[in-house]
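Common to both upcoming complexes is chain A, partnered first by chain B, then by chain C.
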Partner chain A sequence: MEPAAKTARGVWRSVVQTGALWGAGAIFLALVGLVEAVSHRQIVAGVLSLAYALLLLAGLGAGTQVSRRWAGRAAWQRIVGGALAGALVGVAVELLVVIGRSVNLRIMLINASPPLYEILSFGRGLGGVPLMMLAQTGAGAIGAAAPLLPPWFRRPVIAGLSMAFVIGLFQDLVQLMLQSGVRAGLRSLLFTGDGLALHGAVLLFVFAAGLSVLRARYRAPAGRWAVGLPPQRRRVLRWITMGAVVAAILILPWVAGLFISQVLVLVGLYTLMGLGLNLEVGFAGLLDLGFVAFFAIGAYTVGLLTTTGPLAVAHLAWWTVVPIATVVSLIAGVFFGLPILRIRGDYLAIATLGFGEIIRLLVLSDFLRPWLGGSQGVLGIPRPVLVGLEFRGPQQLIYLTVVASALVAFVAARLRDSRLGRAWMAVREDEDVAEALGINTVNVKLLAYGIGGAFAGVSGAIFAVMLGSVFPHSFNVLISINVLALIIVGGMGSLPGVMVGSLALVGLPELLREFSDFRFLVYGAVLIVMMQLRPEGLWPTAVARRELHDGAQAPAVPGHAVELAGAKEGDG
Partner chain B sequence: MAATLVAARIQRNWLQRLSVIDIFLWAFRLAVLAAVVVGTFRTLYSGRYAGEVWLDFVVFGVSQGSVYALIALGYTMVYGILRMINFAHGDIFMCGAYTAYYAAGALYRAGVFNRQPLLSLAIILAVAVTASTSVALLVERVAYRPLRRAPRLVPLISAIGASFFIEYAVRGLYGSGFQAYPEFEVFKGKWNVFGIGILRTQAVVIVATLILMGLLYLFVMRTKTGTAMRAVSEDMEVAALMGINVDRIIVITFAVGAAAAGAAGVLYALVFKQVHFFMGFYPGIKAFTAAVLGGIGNIPGAMLGGLFLGLFESVGPILVLDGLGIVAPYQLKDVIAFTMLVMVLIFRPSGILGERLAGKKA
Partner chain C sequence: MTLLDVENLHVYYGQIHALKGITLHVDPGEIVTLIGANGAGKSTTLKTISGLLRPREGRITLSGQDLAALPAHEVVAKGVVQVPEGRRIFGQLTVHENLSMGAYTRTERDGIDGDLERIFTLFPRLKERRAQVAGTLSGGEQQMLAIGRALMSQPKVLLLDEPSMGLAPVLVEQIFETITGINQLGTTVLLVEQNAYMALQIAQRGYVLQTGEIALSGSAKDLQANVEVRKAYLGG
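And then the complex of A and B:
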């Protein structure tokens, strides 16, 4: 329990603080335009839109936080506290409505518009004001009650709600996938014309909750069963799983349709880049903010060597150019790394950022226009053809990206476990010690830049054929930040983490088009929050989990904190 | 006989010590130097630009550089204390400029703007400083303070996140377009200083920067808080043992740096006459260059570095690149700044005035 919550005044203060904080968060979401942007996305048709889900999430969060902070108190106290905090969130939100209706905030805050106020008051004018407060109070109470529930009950409920939420959120995509035959039947069962029907949501809830119960019941026995099998049988089982995965990938683009395939290709490209940057940042600890340069180099190499346009250097087939592009990016990586070998830590990040920008500005300039096409870029890049099959669109390119990603992930995994990989990790942990132990830090770091760059080069090569053209504007610093964000979210140094990160940070925003304007807002918030709550990422490596969690807990012990501070001074 | 052997050994040692990297770095250095010398020589030899043109560029460079210098102060002071690059500092600068735009707009509509230019400027500056400072304190509290004991990469990533969060929050709140700053009638045209015509805005920027710099320097060197700041930057633990409230000093450092950045934002907007949510990114990086150039953690160094960078960036394209026969050299203005950044980081991370601190802080 927090000391502040011990006294009666402390109790009130923590409620007010929590409510005000989450209320400010809700107001921020409203004013930044997110609430209005997602107000048309219905989760359950006619019942709940994403905008309200977001707003009520604030009340829910406030309630949960109060309840967590008051762990050890009576249940009714926690629920009342949570409800109060939720009510405060409602008051804060409605304050915005009341103020906004009398003062024109729009001069400064472009989103403080009447439609927003309509949303915030349930479209009932001032009559909706108490309604929102009531709703937030309820959300706060529910949020406070959630930690009180026993896990066997909470888990299925959360699973059910998440299922209904996710299907509702992506209902248009799900409906696209359910077009014919049995699938069409399923569609008419769950959806109405406007979206997910209420009964559909309930069905999904029951389905997922039941699945969760079953899983809790049978997961451990199933695992024991698999472990208990003789090795040969287990190998067969593994082959069957792998076969199923491959089959799923093969039919995926045709089931999912053009749009999702397009998104998945992007996810694949970012996974490729992420694997490269992961090698630099995650394995070798070299924070590189100019990473997009290698992506650009790969794309431009393909562009210039295959284009049918006037800038062509050669007219080679894409398949012959890919190895060339990879090697060119590898060499570029080594040359990029050479001058900055002796820079460390924060300075390295800025220096690489500078390098990346130099390359982009040079490509964009009129000076190199005769060779690289300036801002118009390189056009007319033909699609690759394999034994008569043309990789026309995303549904074909997806195979290419999947194969390339799998290959690169395999290489990365083998590298990680190799002598070189161990050397990278030694350099990451402490460069001086690594050098003292006889590791040639120069070669090791150059190889990290080179191989990381080569991976990004492959990604760029596919990117070039995906667009059929290459523009310098596609290679700004935001891409580097994007890639960095995804490997951090996934877990630095973790290979499955890259995949998870790019699905979460590239796939999701593409599917939720309304979010596109807020993508970097969310990335920024995610980076800050992740660094505090889960610096090891969503799918961490074992080492990172151990280290970062020990480090985070250590300062709680006073004597330990001083020691840590001393250690920090030492490496500073 | 023995002497030649020793000589040979020394020579071999010297040669052995010269690694491939050294050779590469020397080649890089010489190439840049050669480009600068050849370009300068050819430009000057061709005599294509008159003296007045150069003077304009120099004045522009100085005014630009003084803005960089003001922003650089924040980097330098924070780095001096926390050994951390406040990556979001450029965006804090943007917040000041952008928020002050609304104050300027309101004053303009009220008609005060041109009737009372000095008062208006003071109000705008105050708004900018307030906005920047509050954002900076928020960022410090939310994104940096919880991570003070974390491994080094962690706060930097958090700072990158903060930077993008601020940018896109401002984009969402204020809009994504360019907003035109109103212009002061008084500051249009040129002033004649010693027979040299200087654009008035630029003169204002230079003078305002000089005043602010002087104040800041006095604050850091003469006041008790300033002394405490220097003590914390020298050794945080010893300072804490001496009874200095380190947390408070860190907050004050952020606040002072942000105030300077906010003021810089207004000055920047006076020169360029527009604001945009992404306007802080490049000036931020350039100001960081200036801070490193002058020796990070060193306040006069930041001023010097800013001026140097501004000058080079404004004169460089014409002086060097034009002479090398590069088309549209002004497009590559930022390339010059970034090349300087990379070169400083590679060759002299301790900066011009940074020798004293080199061992400990770089």
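And then the complex of A and C:
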């Protein structure tokens, strides 16, 4: 057979494969009920609903993938290929409509309902079938064209579209933030009664695209300008930046409103825990699935020492108890480490899992009920007060979490760059060799568990006042798993990664709460896609980056006198 | 006056009696080699000296100080450091980071920087590759790095476990030359080798280990001439 024909057949196969794959994805979303569930959610009022956005994303994705795969070919070939793949997605989706209308699929697939078919055919019956195919073909062509565009054009467009999409998706929350004064004016400019107005979407697009252009244009010169300043001026500049950040944080809860503040406090608590677990898993390589135990210990310490209820051991102020709770969790961490010092690898996961459950069952037990309250928990935990300011609700507690997270992150960063941090790194890489190099691996591991536990204890202490009570059921194993997942998604060992990970895995699902169970579907899918595309995490450390992008080595700069620079995050 | 003294060492792995009363000594400035077949107990001896394994019986002393009771990290602090079998470098870290890790037990900045330079003169290849990820080094370079890393702790006695394993003949020669160089700079060496021929070339004395016991000992010259040794380890 001619080689040309061979490759031609390969080309067709790749189009068919890609189209079928994305088509199957779209059908899957339809049949699990997601498409119907989000069909009332308007991204741009009267123009585009979330359901259609998702469906068209399938065609778009297929087009982009084909175009990427055909990187060496002519532009028109790539666009035609992408359009064909998009068309295939349309065919797949409409096949479902045609089959579903003639055969009753509901016996097996409860979501395969007439309303779904209506959505999939734009509410026009069989007349909508070619329309959907056409739309998907267009989406495929656009998707294929995207990689062909020069970056200076593509980036602003993507930024603009993302902005409009995100604001449209979260329009309820955004509208809540824009209630009064100037903000109310902005609201009426962007939104109509049903959601984001078309002209609002255009405005947002222009705004974000403009920002992106400005950024591309002025970022490097601005950086050069700042570096070129005399040191004194630069210090002033730094103070101004810091002041702006602090001011932004101060007004944040009042702009964001109650609900978002609540979500942010939760993100903060998970960030604190993430920083602790990151120290154990990311720095020292010690897997820990019982991490929630320290969170519980911190919360119960605060509960018992501050409560006004009958279980009170003392009536101390919250501020006095926080250091106590930290120390108690630290000691708990060390004790936790003792029996599992010699355990490694997979077995460590099981052993630590057991420890987490032991703590939960202990606080739940009838045996300790007189002291810990059993399933009733500890109630009546008073809010902390600082010079007349009461930390009443999320909008005040947010300051507490921000300050605590900043402090803890600072401590973690200093530890990472210290001798102890180097020892952790050695233990993570090869415990036996670490020992042979003179590192006291016993102490070093116990310190990792202790300090990691202490960080979680701080988180628990804030959690206790956030709820005003502590219950055993708040401390189940899912929290440990979630914290582990967030540091993996953020980037193992990376400090900024912890915050990014907790925004993505804790913040986002909270914001998507109205999609009820589907958010876990999205959560799972995002985890899988993430690990495929960015196994090193969203904000990885330099070490993780070189590990997962094999062969990509640091530039060999002679006289490059950095002390273990690998442990520090790059800023990319 | 001996530097490292090992007396009647018995080591067990559970029920397995791996070392059955090993006695050996290393004088200051010497290269002493320990040769023997696979499974004779060479690595076990080194691991016991460096504190990674506990002897059930026997004494290990460094200039008269007891080592047998110390944990591994304190043995390093006393000046005995082991280069483990099979070049276990930190593969994800750079050459420079690996070397700094070797200086973990030390705190004085200037001395460390000086030693770094010394190691780079000893192994110029490492200097060129100081920013390279260690896992991507060639086998020979990794062995050099493992030795360099151990030297960063300024040991009095360097324990080498089969440094020539898996290396091409040219590299083997290079490694042995380097060991001689290290020794001439003042570090005492206890060298475990399967390549008895090369080991006996650079060592002053040697011990032959057989199933956990010292079968023979003597000067390198005598061992090279010994009929038994020639038959068993030198191919003739």
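The working rule: the second predicted complex is superposed on the first by the 484 of 572 C-alpha atoms of A that agree within 3 Å, B and C clash if a C-alpha of one lies under 4 Å from a C-alpha of the other, contacts with A are read in each partner's own complex, and residues count from 1 in each chain.
Criterion: a contact is a pair of C-beta atoms (placed from the backbone, for glycine too) under 8 Å apart; a residue touches a chain by one contact, two chains touch by 3 or more.
Since the structure is predicted, the reported quantities are computational estimates derived from the model, not experimental observations.
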First, second, both or neither for A:Gly285, with chain B first and chain C second: first
First (chain B), second (chain C), both or neither touched by A:Phe153: neither
Which partner, chain B or chain C, touches more chain A residues: B
Touched partner set for A:Trp12, first chain B, second chain C, both or neither: neither
Chain B versus chain C as contact partner of A:Trp225, first or second or both or neither: neither
Touched partner set for A:Trp371, first chain B, second chain C, both or neither: neither
Touched partner set for A:Phe28, first chain B, second chain C, both or neither: first
Partner chain in contact with A:Arg342 - chain B first, chain C second, else both or neither: first
Partner chain in contact with A:Val433 - chain B first, chain C second, else both or neither: second
Intersection of chain A interface sets (partners chain B, chain C): 442, 551, 555, 564-566
Complex contact set, residues of chain A against chain B: 28, 31-34, 107-111, 281, 285, 287, 289, 338-343, 345-347, 349-351, 353-355, 357-358, 361-362, 364-367, 369, 442, 477, 481, 484-485, 488, 517-521, 523-528, 531-532, 535, 548, 551-552, 555, 561, 564-566, 568-569, 571-572
Residues on chain C engaged by chain A in the complex (per definition of touch): 50, 52, 71-73, 76-77, 81-82, 84, 88-94, 96-97, 100-102, 104-105, 107, 128-133, 136, 149-150, 153
Residue ranges of chain A touching chain C (in the complex, touch as defined): 419, 422-423, 425-426, 429-430, 432-433, 435-442, 543, 546-547, 551, 553-558, 560, 562-566
Chain B residues touching chain A - in the complex, by the definition given at the top: 19-21, 24-25, 28, 83-85, 102, 105-106, 142-143, 146-147, 149-158, 160-169, 171-176, 236-237, 281, 285, 288-289, 292, 326-329, 331-332, 334-335, 338-339, 341-342, 345-346, 349, 360-362
